[in-house]
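Shared between the two complexes below is chain A, which has chain B as its partner in the first and chain C in the second.
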Partner chain A sequence: METLDLIVNIAASTLRLATPLILAAMAGLLSLQVGQVNIGLEGMMLAGSFAVVAFGFWLGSTWMGVLAAILVGVALAALFAFVVTRLKANLIVSGLALNLLASGGTAYLLEILFNTSGTFSPTALQSLPNLSLPVLSDLPLVGRLLFNHSPLVYVSWLAIPLTALFLYRTIPGIHIQAIGQNEEAARSVGIPVRRRQYLALMIGGALCGLAGAHLAVGDLALFREDMTAGRGFIALAAVYFAAGRPRLSALACLLFGLFEALQFRLQLASSIPPQFFQMLPYVMVVITLAVISARKEWRKGWS
Partner chain B sequence: MRALFTGALPRTVLTVLLALVMGGVIMQVSGKDALNAYQVLFNSAFGNERALANTLLAATPLIFTGLATLIAFRAGIFNVGVEGSLYVGAFTAAWVGFTFVDLPGVVLIALAFAAGGLVGGLWGLIPGYLKARLRVDEIVTTIMLNYVAIRFTDYLVTGPFFVPGMANAMSAEVTPQAQLPRLVERSQLNLSLVVALVVFLVVAFMLRRTTLGYEVKTIGSNPVFARWIGMPVSRTIMLVMSISGLIGGLAGAGQALGVNYRFVSGFSRGLGFDGIVIALLGRGSPVGVLLSALFLGALRNGASTMEMFTRIPRDLIDIVVALVIFFTAVEIGFNWLRRRRPTPDAVPPPGSAAEPEKEGVRGNA
Partner chain C sequence: MPYLELRGIRKTYPGGVLANDDITLSVEQGEIHGLVGENGAGKSTLMKILYGMEQPDHGEILLAGRSLKIANPHAAIQLGIGMVHQHFQLVPNLTVAENIALGAEPRKGLFADQAAMHSRVRALSERFGLQVDPAARVSDLSVGLQQRVEILKMLYRDARLLILDEPSAVLTPQEVESLFSVLRRLVAEGCTAIFITHKLYEIMSICERATVLRRGRVVGSVRTAESSPAEISRLMVGHDVASPQRTPPNANPRDRLVVRALTTGSAHRSTPLDFTIRSGEILGVAGVEGNGQSELIEALLGVRTGVTGDIVLDGTSLSRLNARRRREKGLALIPEDRNREGLSRPMQVWENLASATYYRSARASVLDLGGLQGAARDLIRRFDIRVSSEKSAVSTLSGGNAQKVVIARELAESPAVLIAAQPTRGLDVGAAQFVHEQLLNLRREGVGILLISADLDELLALSDRLIVMFEGRILATFQRDAATRQALGLAMAGRLESEDAP
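So, the complex of A and B:
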């Protein structure tokens, strides 16, 4: 019974920890699919974390804060889209700049607006209350595992099929894929390329805002400088690992969430160093890309 | 190099000024005196001998990482992995410094730099090999490997090389004769700067006067042509990534032996990333890198004093740097960046039939 309890606990915290990864990964894969890989996911998340705490505090409502986080994410994504599509700036450089802007900007604002550095956790701000689904949450084990979470956890579950639906079953989604595969060809058949790029990136911005909001108010209610701690890049790793597919990306996020959950639990119980789990997502991506490419090269060699 | 005098320099200065002005506007809006802040910043970066020494101290690792990024850029390779090389290089140098305690200073320092550079170079060779032989996009692999390097070195100093009684994760102190001699009094400025300048000369010479330099530039500007005339493109890519990693490793060694006197987990906080900023700002020229490193070093050095005297958070400088990057990235007309808009062809989206061209470096997509 005790083991079962532990497993359920680890599984439940895996779901919680995977939430920001899933949301950011959906953003990342949209940017990948539209051919404008956004490595500024990290920065947009961090800005979302800050926005949810700042606006939640000012407006006296955490949900209003979540709304602000979404808006801030969208605004930053629009800026990014403007810079890379209209001004034709280099993608990677712009993404890195976005991350630096968010990291420096939030730290600066924290000091200017709230006169603190490091951590800001206003007592007036409440974390999002757990949403226990009626009846379902009373089920033994499963209830605790699946139906007693912070609301944004469920949002992340919804985001997966919705992203897949959008990408594969709607006109704008199919346009987005077409643009990613060949921008010139897409333009030549009359697809509004720039508008679709804005759309893909700005939906991503909203998702990253949500991801950041979950980090800040999903469990506790605080903002800490650089609290995203590389999660944007883990999400990106999941996307590359899954070659841009929504469900597979989400699965990779769950796996990486499990690594994160395990590193907390196993730190005490076993001799596996926590850094091992921290490295695993990145190592897996490098190996996966190498294997995919090796297979491709090998096939070419025979044809 | 000519470009430095025909328009690139004025444009770079304009870019930087624009970012500084916007930083000033941000300060004014937050109710601070921007003019005064910049004055303090300037004085604490260049005001006296000690200030200048500290600016050079801050610029030292940036010269390394800027050159490391530059040489890859010139070959058309976007190496984001200098940060990773820096970490493994720093640890290796520190390890040599606290392990071979019986060697005389000169030998030990040379050995530590060599080992740091070697391991950094090998670290750079991983994405280099993957790119050259398997056509794996180096941007993704280098970003990922950075995190591996940071976590792995963290593991080393919390696990096998754990030193009891230390508050933070750090290695043992390197033996005194391995600590780099300081160049001036009352500043940590040390021999590492000299090493950086030597590397600068070597890189500048290599790019202008050697066959390798010619190959690098040709591959960077026209990979198809380079292959057609029989240049060893794959080999050169691997070599360049190794050299880039090697210089990154030297940067780490310099910090470990000259500033911290040990390996400190997570010590860099983006020195490798700053290298990208510098290589961009320096517009592909070694001299440009030197000047840009000095500029960024001055900003980073002056920022802490500015924070102390004007109560303006030093994070403002990060905002200014981010703006500089945005403006530079937008304005820059460099072929070696413009040509390479990374497309996700390393992992084609599901259902895509398009095979990427069989080129080590992608041409116009």
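So, the complex of A and C:
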């Protein structure tokens, strides 16, 4: 019984920890599909985390904070879209700039607006309440595993099929794929290429804002400098591993979530410095994805 | 009144290339009008102007008597103009129906109405005899089928003026026939077409009139009924084009390339391949594309995994050597797709010329750039590559000149065995003749040549022996005298008439 309990706990925290990754991965895959890979996912998330805490605190409502996080994500994505499509700036440089801007900008704003550095956790701010459903949440085990999470966890589950539906079934989605795979072909049939690129990137901005919000107010209610800790890049790795497919990308994110959940357990149960365990999920995800990708390449043979 | 009139069209590309110089051209309603000319003559440029992809410096376009400004492809589509591009404009991961409807999808709310899309595509397919599965992914289609998708794409948009830029270059003879019957049907239904090709017999068989371009200018316009391929090619090139002269075969040949029990691990159930190429011999490989030719080339070059069997060049086994070592033993390759496998288009001509052997010029890992550029200048002169300088990017070269860069690089080192895959694809008559001469020169010098081509005339003109590949194996072998179009065609379709041992 105790092991079962442990397993359910780890599984539940896996789902929680994978949430920001899944949201960011959906954003990343939209940018990949439209041919403008956004490595600034990290920055948009971090800005979202800051916005949810700051606005949630000022407006006295965590949900208003979440809305602000979405808007900030969209605004940054629009800026990125402008720079890479209109000004034709390099994708990598622009994405890096976005990350630096978010990292430095949030630290700076923390200092001048709230007069602190490092961590900011206003006592007035509440984390998003867990959404408990009648009957379902009371089910043994299953209730704890699936139906007792912060609302944004459910949003991330919805985001997966919705992204797939958008990309594969709607007209703008089909255009986005066309642009990413053969921009010239898209142009030659009169698709408004730039407008579609803005659309894909800005939806991604909203998703990253949500991802950042979950990090900040999903469990606790605080902002820490650079609290995204590379999650934007992990999400991007998941997307590349899945070749831009929504469901497979989400699966890769769950894998990372699992490693992260495990490292928390190990940290608690051992006297080895915690930094060692904190490193583990990243190492594991890199190794796993590399091995799987290499096997895929190997089977394809030379081509 | 002609249906379409182009008056005094002039186009200079940024960088100063004068691609179209005062072009005047008229096309009648319901006509298939041929447009021919050497590589780089400006055919594609003129058609891109008509389709709104490029803007002319000056000149006028009149369609059904109305003077028009065509700002972009969207405007051209609205006017009923459709274009099949020289390089297909398809989205590989989308389905056939999605590609055809792209940008003009039937909608159901926010969604694309897949059912309506499929039924419209199916209706068009049936009406014009262009069978293709609307649900298939484009990346899974053969080039012939991909082209069908391109044609359907035009028809879906109700194009009345069809522009086809070298549609036949990548097709098998059978596919060309079916393309022609589709075109005839479309014209009978009231469409008008402009047809670009380098194959003059195609012009003779499908066009009523043809306009000839040379260096951006119109040099003649002929009625095909009153003209001949020789006359058209004289107009194109500016002088007579002689067919290449074959010398008698080598009297006492020795084996240059021996291939034994070679399996390529391809999708086809691997039947081992056995063949020998002797010195001064051209061994032709006929076959519909996708029957194992690409795998064979990769296996010979050493860039494929899962290959078994033995490859012996001049007595040395190549099987365990990598591509560079094989090249050093005297293997050379003119690849099927020069833009993807033969050249780096953004790089400069000299860099491409040096790409096979640059490492030898290195001293303590530092390349001798001056030496490499000098060597490139020599090759440019020797092979008559028309470029302004060895420092031009390959992407600015016409098809013929780009192919000459590949050939110059591959022949620079006097190979022992040359694999020539589709060596004249997309080349004009003059450039094709140049390539044929080079191949025959090598043959005279005792080089063994494996010639893989989709062009039966080329195979029949050059080969000493022919093998036909079908589903990954060698289905038939023909001596030069026994090879006829008829027999080859049957074997390519998998049917055997008479067979002699390979």
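Note that in this section the second predicted complex is superposed on the first by the 266 of 303 C-alpha atoms of A that agree within 3 Å, B and C clash if a C-alpha of one lies under 4 Å from a C-alpha of the other, contacts with A are read in each partner's own complex, and residues count from 1 in each chain.
Assume contacts are C-beta pairs under 8 Å (C-beta built on N, C-alpha and C of every residue); 3 or more make two chains touch, one makes a residue touch a chain.
Everything numeric in this text was worked out from a predicted model, so none of it was measured.
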item	value
Which of chain B and chain C A:Q181 touches, first, second, both or neither	both
Partner chain(s) touched by A:S121 [first = chain B, second = chain C, both, neither]	neither
Chain B versus chain C as contact partner of A:I171, first or second or both or neither	second
Superposed model, chain A: greater residue contact from chain B or chain C	B
Touched partner set for A:S103, first chain B, second chain C, both or neither	first
Chain B versus chain C as contact partner of A:L289, first or second or both or neither	first
First (chain B), second (chain C), both or neither touched by A:Q278	first
First, second, both or neither for A:S137, with chain B first and chain C second	neither
Contact residues of chain A, present in both the chain B and the chain C interface	177, 181-182
Chain B contact footprint on chain A (complex, rising order)	32-33, 35, 37, 39, 83, 87-94, 96-98, 100-101, 103-105, 107-108, 111-112, 117, 177, 180-182, 230, 233, 236-237, 240, 243-245, 273, 275-276, 278-279, 282-283, 285-286, 289-290, 292-294, 296-297, 300
Complex contacts: residues of chain C adjacent to chain A	51, 53, 72-74, 77, 83, 85, 89-94, 98, 102-105, 107, 110-112, 114, 153, 265, 298, 303-306
Footprint of chain C on chain A - complex, ascending	169-172, 174-175, 177-178, 181-182, 184-191, 301-302
Partner chain A, residues of chain B touching it in the complex	26, 30, 78, 80, 126, 130, 133-137, 139-141, 143-145, 147-148, 151-152, 154-155, 158-159, 270, 273, 276, 280, 313, 315-319, 321-323, 325-326, 328-330, 332, 337-338, 340-344, 346-352, 354-355, 358
